[in-house]
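The structures come next, written out as structure tokens.
Two complexes are shown next, each including chain A; its partner changes from chain B in the first to chain C in the second.
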Partner chain A sequence: MPEYITIEFPSRHKYLNMIDIVCGEIAEDMGLKLEIANEIAISVIEACTNALEHGNKSSPEKNIRMVIKRDPDKISIEVYDWGKGFDYKEYLQHIPDPSDIQKVRGRGIFIMKEMMDDISFELVKDRGMKVTLEKNLIKS
Partner chain B sequence: MKYRTREKGGVAIIELSGKLMGGEDSSIFRGLIYDLLEKKIKNVVVDLGGLSWINSAGMGILISGYTTMRKHQGDLKLLNVSNKIKSLLYVTKLNLIFESFDNEKEAVLSYSRN
Partner chain C sequence: MDKLHIEEEYVAEAAILRLSGLVDSATSYYLESRLNELIAADKVKLVIDLTEVDYISSAGWGIFVSEIKGLRAKNGDIKLAGMNPDVRDVFELLEFDTLLTPYESATDALIAFDSQESNNLP
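What follows is the complex of A and B.
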């Protein structure tokens, strides 16, 4: 039976630290290797940063909802915002080179793709964007 | 993000602590960089040892500082990069851009070798 953990928080940068702590606690509870735990935490923070800045346009009255699903062999995290979404199919085909120093921003999705086993986007009607991150687990 | 700046051998050392994640951190760090340029200091070492974490927006802040210093014939190097931050630098290949050190003395001396 998978376990679900749901967290909802206002679009303020200060709450991203809470997400890091939650991810760390869950990873420790699941006995994950530090490297795997870091990859999950980094990716979830990137997804939440995108939801905060791009989806919710940093409006504190708009919440970000995060649903963590714990399975014995997999962890998946859904991050919801209230934005209009973006053309992710187009974006995924032309992800900018992350080492291009002319670009100050735009590395978040690349990082998530590299660090997680699967990433998907869905525009949810009457809601906003949903990003789903999945990581297959290797126990330490 | 919290910070402390000091100077050693003509090199500015910016010690960062807390979280580096965009938002107001970006304008604060930009202000620090331009303050140094006004003082004619172009060589910078950013000590990341006190950072608990950084996201891609925070990396953008460092990139912005790096490109600004390079445009002024200076440089920005990193000190005390944690494994978590190293993994971000490697995955984005920015480890090839930023010179990084584990020792402050070596980081400062590296500028006299240039």
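What follows is the complex of A and C.
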């Protein structure tokens, strides 16, 4: 049976550090390799940053919900915001070159896509955007 | 703004910025603002010592690369030194190694600035 861990927090940057710590604790509890744990934490922080800044427009009264699902062979993390979403199908087909020096922002999805085994987006009715990150696990 | 600290040292024409903590979307504005102040004061040879930096988010990386063009137009550059393996992994993932040469230490980065200077002598 998978285990679920749900965390909800206001859209404030200071809570991202807490999310990083939570990811580290869960990864340690699951016995994941440090490299895998780091890739998960980096991707989750990027997803939460997008939810905070783009989805919730940094509005602290809007919460971010994160649902972590632990399976023996996989971990998946859902991140929900209250935003209107974006054209993710178009974006995923034309992910910008990360080394483009003209762009200050816009590398988060590239990082998530490279570090996780799967990334998907869904606009949830009466809610907002949901990003799901999945990582197949290799035990240390 | 307590997650990122910047210490500065000036060696000849170069400025060394020793960062410690996290460079993320919350702290990157502070870093960007300091870099812009230095560039406006014609300090364009910048060494960023990342030895004490645990993590750089995509927003943080964006600050470094966005300054490259302006700095090089003024005969300056940005040199990143002392990246830990986790930071280096993302640096390479983002293909920034095609834009910036990483250095083991701030001293190595300063030597590289000196070498460039010597090569530019008539």
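Methods note: the second predicted complex is superposed on the first by the 140 of 140 C-alpha atoms of A that agree within 3 Å, B and C clash if a C-alpha of one lies under 4 Å from a C-alpha of the other, contacts with A are read in each partner's own complex, and residues count from 1 in each chain.
Keep this in mind: a contact is a pair of C-beta atoms (placed from the backbone, for glycine too) under 8 Å apart; a residue touches a chain by one contact, two chains touch by 3 or more.
Bear in mind the structure is a predicted one, so any value in this text is a computation, not a measurement.
In this superposed model built on chain A, chain B and chain C take up the same space, so to speak, and clash.
In the superposition on chain A, A:Val67 makes contact with neither chain B nor chain C. Shared-chain residue A:Pro98: touches chain B and chain C both. Within the superposed three-chain model, A:Asn17 lies in touch with chain B and with chain C [touch as defined at top].
In the superposition on chain A, the residues of chain A contacting both chain B and chain C are 13, 16-17, 20, 38, 42, 45-46, 49, 53, 98-99, 101-108, 110-111, 114-115.
Across the complex, chain A meets chain B through its residues 13, 16-17, 20, 34-35, 38-39, 41-42, 45-46, 49, 53, 58, 98-99, 101-108, 110-111, 114-115. Chain A makes touch with chain C in their complex at residues 13-14, 16-17, 20, 38, 42, 45-46, 49, 52-53, 97-99, 101-108, 110-111, 114-115. Across the complex, chain A is touched by residues 3, 22, 24-26, 55, 57-59, 61-63, 65-66, 68-69, 86, 89-90, 93-96, 98-99 of chain C. The residues of chain B lying in touch with chain A in their complex are 19, 21-23, 52-53, 55-57, 59-61, 63-64, 66-67, 83-84, 87-88, 91-94, 96-97.
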